[in-house]
Amino acid sequence: MSGSDAVTERKLLLTILSLSLCAAPVMAGAGQQTLVIKAGKVWPITGSAITNGLVVIENGKITAVGANLAIPEGAKILEMPDKHIMPGLIDGHCHLGLSLDVFAEIEETVSAVTPDMQILDAFNPLAADVTKALRSGVTTVLLAPGYKNPIAAQMAVVKLPGGKKDAGVINRSAGVKFSLGNEALMSDRRPTSRPGLIAQVREELNKAGQYQEGKFDPRAEILKRAIQGQLPVHIYCNAVDEILAAIIIIDEYKLKAVIVGAREADEIAEMLAERNIPLIYMPTLLLSNDKDLKRVGRIAAAGVKVAFASYAPRTNLSDLRTSAIIAAKYGLAPELALKGLTINAAEILGIAQRLGSIEPGKDADLVILSGDPLELTSGVEMVIINGDIVYQKEQK
Amino acid sequence: MRGCVIRLIFLSAQLLAACTLCGQEKTVAIRAGEILTISGAPIKSGIILIQNGRITDIGTEIAVPQDASVIDASDAVVMPGLVDAGALPPVRGDLNEQSSEMTPALRISTALDPKSRVLKRIVQTGCTTLYIAPGGANLIAGLGVIIKPVGKTAAEMVIKDDAALKIVMGSDSTQGNRIPWYEPPTTFYYRRPTTTMAVAWMLRKSFFDAKQYIASHEKEDPNMEIIAAALQGKIPIRVAVRRAIDIRTALRIANEYGLSLILDECTEGYKVAEEIAKKNAPVVLGPFYYYPRTSSQYEEGREVNWNNAGILAKAGVRVAIASNSQEGPRFAATQDESIDLLTAAAFAVRHGMAPAEALKSITLTPAEILGVADRVGSLEKGKDADILILSGNPLAATTRIKRVILKGETVYQD
Amino acid sequence: MVSCKHIFILLSLFLLSTVTAGSAAENIAIRAGNILTISGGVIENGIILVEDGKIKALGQEVVVPDGARVIDAKDKYVVPGLVDAQSRLYVIDGELNESRAVAPELDILDAVDPFIKERQEVLAQGVTAVCVAPGNRGLLGGLGAILKLSGGKTAKDIVLRTNVAVKGAIGISRSNQSSSLTRLENYSSIREALLETQTYMQQKRKYDQELAEYEKKKAEKKEQAKTDDQQADKGDTTSRAAKDKPTRPAKPRTNPTYEILARVLGKEIPLQIEAHRVDDILNALRLADEFDLRLILDKCTEGYKVADQIARRKVPVIAGPISTSFLDTPALEYRNHDTRNAAILSKKGVKVALGVAGRDGASSKFIALAAAMAVANGMDRHAALRAITLTPAEIFGVADRIGSLEVGKDADVVIFNRHPLDAFSQVEMVLIEGKIVYERK
Amino acid sequence: MRFRSFAVVCVTLIVCVVSTLGYAAPVRKKVAIKAGKVITIAGPEIQDGVILVEDGIIKAVDKNVEIPWDAEVIEAKDRVVMPGFVLAHTSNGLDAQNENVPEVPFLSTFDSIDPVSPFFEDSLRDGVVAMLVLPGNNTLLGGTGTVVRPYGRTVETMLIKRYSGLKISLAPPVQQTLRYMDGRYSYQSTASVSRMGQMQRFRRYMAELKDYLEQYEQRKKDAKEQEKSFDEEIDPRKQPMIDLSNGKLTAFIYCGIAADVPKAIEIQETHNFNTALVLGTDGYKAADLISKKKMPVILDPQLVVWETNEETYAEEMKVAPAIFYKAGVKFAFQTDTSEYGRRYLWYQAATAVRYGVDRAEALKSITLYPAQFIGIDNRFGSIESGKEASLVFLTGDPLDAQTWVDKVMIGGEIVYEKAKDVRLKKLLEKPKPEEGQQTSQDKNTD
């Protein structure tokens, strides 16, 4: 990149850092004292929406939600009569902060099987896209490796670093990513063909099955945990044949699996439903034909649990909500679209006990929007993570 | 009209699932102008009864049950669904696992795409049973599968998995096995065979190793398992060969290890028809071309004989005609070039094959070669109701497929 | 027998065509809850009267002539047909660029495929016109055009206006390798082309003068010849020898490239330059200053950084994509892309049109969503709506036909069940030139 | 009366000249063909008809023609005789199909036709008696074509009509042309030029041509004024395009995809060339457009295209001839030498019939129509008195896959007989084992 770019790059980074820092005094206090947010509308997701509701936050946790609650004395009150408040959005699959620039370096293609890698080791919390990410309303993301390895790395669930730098990691090893898409086929590395791809995945899983403790084989060790159901497996596949292959492998090895991508899953949705395999749907922004845009609605209608992903930086993190809205516009039930952004994603990623809805006892990760969450016209006004205001739209 | 076709296909898929669950199901009766049973003599103005996807009765004097739904084809010719013993694989991407030359355990069945366009087309050309093989770039390419072209999942389609082990002789398996100047020698293309000699040698070696493997079973090896099974005749071996000398070599090796082969393509088979007949190795012919193509894999077998099928058949070889056309980086044939079998048969007759033989070679003979003659390939009591309804003589260029029935369900209607 | 069959077929074809024509001629009156005219505010409970493809009248007290088909849209929003200013609809993939760097005479109309399938889908989202332009691989890629989504089997049937702008590009990274030198090269070679055009024009003028001179001389000679002859009759032969024939000046070869660029310099055709980074944008502006041409800034990714300068020059901007998510793989020059770009520009008083700039033709259906996203990022609601209707029409000089609901304009009307910028608003009906081309089931 | 006889003499003279031009035919030769069935194309089919040929020209065809005593009689009781097939467009039989410069209208295939090319031998074997050989599809203004018989040792003897048809290609030159498969375009290797470029270059060429002609006229005028002699010739390189403009030539415009058809029509309208369209696989999309213009159409060798229905995902067959037949467009076929059935004109016609084209129309589309398209229908395309006796003797119905071309007559001469076709024998019969041994022995002796 040429010099001027570097300069602007740094400028932007600094501005955003300073922005979050300027918010620091607020949250320094906020940590201890209780914070009460009065919003025009509260979307708890698990319950029905509350007009003119309150959310009470004490040291980073939500303690109460409701229409008319007694405000504890000494509480700091945020008055937002015309704003909507909802739980922080959860991105089911992205590649944030894996490189210094928007072009992520996420593929480790030297070897096709690398379950012992951990994506978190490549995560750079100070990367430009991470610092920008806060204003997208997304508070928690699943960091995933790329698409070219049949068995890629362990994925991590992190909260976007806001006030405190290490607020991040929730789960360092949230699952292993598989890729049964044609992206995993390369001309100069095994596998080069679909049957070869499936054969190789089987081979590795069999090896793991026979693996005994003691002798050092980190890959087999990880995969064994997957087979025993301790470690979920996220299988990336889009076309029908890819998904069918995934289902066969899931059944064969009793994997605790999630389907990622799943573009054409509607054509075999009931198979996923009866196995209740949830799926993290690809960004609908990557689709353009009505035929494809209508698919996700049908999938959810068939009773499959659907969450959304941004594949950031493939699409902007801020377009996670856009993708959900487009899905809704093309037939997905609105409430499911909202759930897909929050509680469903939390459940699929196994963090529902802490995140995904506005309920007493859950982390105070909140987004305050200028309007209805399912309106594209409504923008993010404020983002709160663990009760700290980490982003605030600058007033002009 | 065409719109309904696919709905029918979906429907049929569901019904297939349904009828497997619940036993009894409505009878279907076909009134045919002429029935070409293939196995027996043709029947003029006959009736076929179908129940649960099987032919329950066939003949002239048959009482049609009241509740039966009747398909009137009294002005049409009815024949068994075609059997393509080497169909275009409904698989996306490369059909060869290039990372190794020996991939006997490679199962093409694991990569079937039930929604593939290829299948929908093949059905409309009258094929109701297909043999799908891996690509022809590896010496031991892997295991083929026999399917019916309609189904929601691979499991629904497959008739017989591990149907045959594909071996490729001649120059195809040597393709690309060298160091491209721009690649470091670490690439896995740096390997044998690069000559026809090495092809033969490696084949011998692998069978020899298999023998050893059977003798002393120290550790499990999936690849060896397959070759051993083939050696013991549990899995039929299909060898793709074009030139006469390669055919001879194949037969020689077969002798040495007491194998029984099926020969694919066999472009120059007419030169060694007697030898093939003597070994009584069946032959699956195709693809067909008038003069050898200029592209590399057609260089060999340049001495074409249009009447290859006829000559082989006359010599007493069991001949099946298949499209044998494969997609993929190493094959010239594309989807549109995969000719339908009726045309192929018609031209076989034109070039000197007996009409009856030709019809057999796209129905019963391939079914026998594939070992599924008990289910498909002819119109007989108890066989699958895979039926073709044609506007006229199947070998006429102006004849049109009016209806394709698969397991008693109409999957295509014109 | 065959021939009579032919005749029959032709007859039926003819009848068919007349029938369709008939439906176009039919008068339509739309009773609308709210009419967003764009040009003249909102009319509540108004009526739009459509007669032979044009808007005959609109307002609250319009008398509906008997015989007119009345469409009831009481609780609906009626807006002018949406326009995607950065579309690839109709254009065949891989035909966007010619290898030559400077080829402004290429016409995108020649790369149009009228038989595409996507049209209906895009139409169903309320888009009635798109602006298509050559790609950014050439420095001067060719001429853009405005196409309507009315069905039609030839480019002529669907085109609203050709030669709307010459598409140029500065500082586009090849395979994500960008160097400041190539940028310089881009800028300077466009400049060169323009300078050459000027000299070319001079030559042509020179030729015209010379030609006129020559004609004059020739006429004189004729005169002289006559007099000479008379003298000759008198028997003196001196002057006949002194006859030097005037020579016709050689006509300079007409060069289509320069012919087009001449029209650009003559402010007849605007120059639409795709520029992303600040330096490229500034270069483009410098070109506009130097040659005093009508500039349109395309993409203008980092425009928000130099909004004032753009505003001062009164250069219109086609901002887009509103989000890099619409792109296949965001190229290098999008690194500093900001979703607030359009908002900031329009706030600074720049005339901003929005485009989808999607990955394929069908993406144009997202134009309303793009506008909504612009609003979410701080753009004024009305400005956003204007940016996908009237503004692009103005920028490309078709505001007399489309872009707003006014008397005399084409009846390209879309009926939404909610405000067009609401995510869940559905298109109920689309009219193009008074013909109902889409109706929701 | 006298005048008529004079005219007749003239005609016969001309005919003699013409026929002798083409090939060495002994003068005043009478042939009578007794055919089991005559498919005249011009009229109804005749059972047990007689065709009377004089000097290679058909004199009469009917059920009972009395046969002159000096006529040589060809017994073809068990044969179907019909006019020889005509191939309206091919680029085979050339050493190379395209020049690598976009604008070369002045080239002619006449200089490149290779009489010994196996293509011509095959064509004769397959019953083709006349074909228009044009440059390939990769050149914008490819050059002029040549109508030849697939018979003769030199291009002169093969020649029917020199300098006929000019090839224009609107598709950009690419390795794999943009083809219509799976309901969408697959575009493997793009060339450096685009469709925009092609059209622009074409317009530029026409503009410059106009310019040139104006100036030429101007110079002529000046010369006249100045009492100079004007001996400047028209630039021969421009002549073909000029002839195209004034209707001496027919433009064969190649439309690689349907979207090129409107542009071809535009060209036709602006310059009013008489135009024939050479279509790609998806040309059927523009059928009604073409039917409005009543343009002749030459179909892609691949007649059946699969298209995926967007709503139902069904694979639908699109059969070009059927669609054009419904739209009332006259069409002719191309052949594809590498393809299995497509290499035969009769098979193409049979395919058309299979998918609903009227039989008579299908037969016309391999005889009369192509003859009309390439402007030789006054001599070819049907069995009528006055036309050249270029006939095929078939063993059965022309559209039956089991039918062979038994004999081919060109200009009254039997030039092909299946019985004497050595190559065909080799291709159909089993090689004698001795041959192989012989050769090996020879090797040993060496």
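Letters A, B, C and D name the chains as they come in the text, with residue numbers starting at 1 for each one.
We take it that a contact is a pair of C-beta atoms (placed from the backbone, for glycine too) under 8 Å apart; a residue touches a chain by one contact, two chains touch by 3 or more.
Keep in mind it's a predicted model, so treat the numbers as computed, not measured.
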Between subunit B and subunit C, the fewest steps along chains that touch one another: 2
Most distant chain from subunit C, judged by the mean position of its C-alpha atoms: B
Centroid distance [mean C-alpha coordinates] between subunit D and subunit A, Å: 64
Chain centre separation in whole Å, for subunit D relative to subunit B (CA means): 39
Whole-Å gap between the CA centroids of subunit A and subunit B: 47
Where subunit C touches two or more other chains at once, by residue number: none
For subunit A, residues that touch 2 or more chains besides their own: 289
Of all residues in subunit D, the ones touching two or more other chains: 310
Complex contact set, residues of subunit C against subunit A: 118, 121, 124, 176, 178-180, 277-279, 305, 323-326, 329-330, 332, 334-336, 339, 358-360, 362-363, 365-366, 369, 372-373, 375-378, 381, 421-424
Subunit D - residues contacting subunit C, complex: 172, 178, 185, 187, 190, 192-200, 203-204, 207-208, 211, 215, 218-219, 222, 225-226, 257-259, 262-263, 265-266, 282, 285-286, 288-289, 291-292, 310, 326-328, 358, 360-361
Residue ranges of subunit D in contact with subunit B within the complex: 118, 181-182, 302, 305-306, 308-309, 311-317, 337-341, 343, 347, 350-351, 353-355, 399-402, 404, 427-431
Residues on subunit B engaged by subunit A in the complex (per definition of touch): 91-100, 103, 105-116, 134-135, 142, 152-154, 183, 187-188
Complex contact set, residues of subunit B against subunit D: 2-3, 5-7, 115, 117, 120-121, 124, 270-271, 273, 288-291, 293, 304-307, 311, 334-337, 339, 343-344, 346-347, 349-352, 395-400
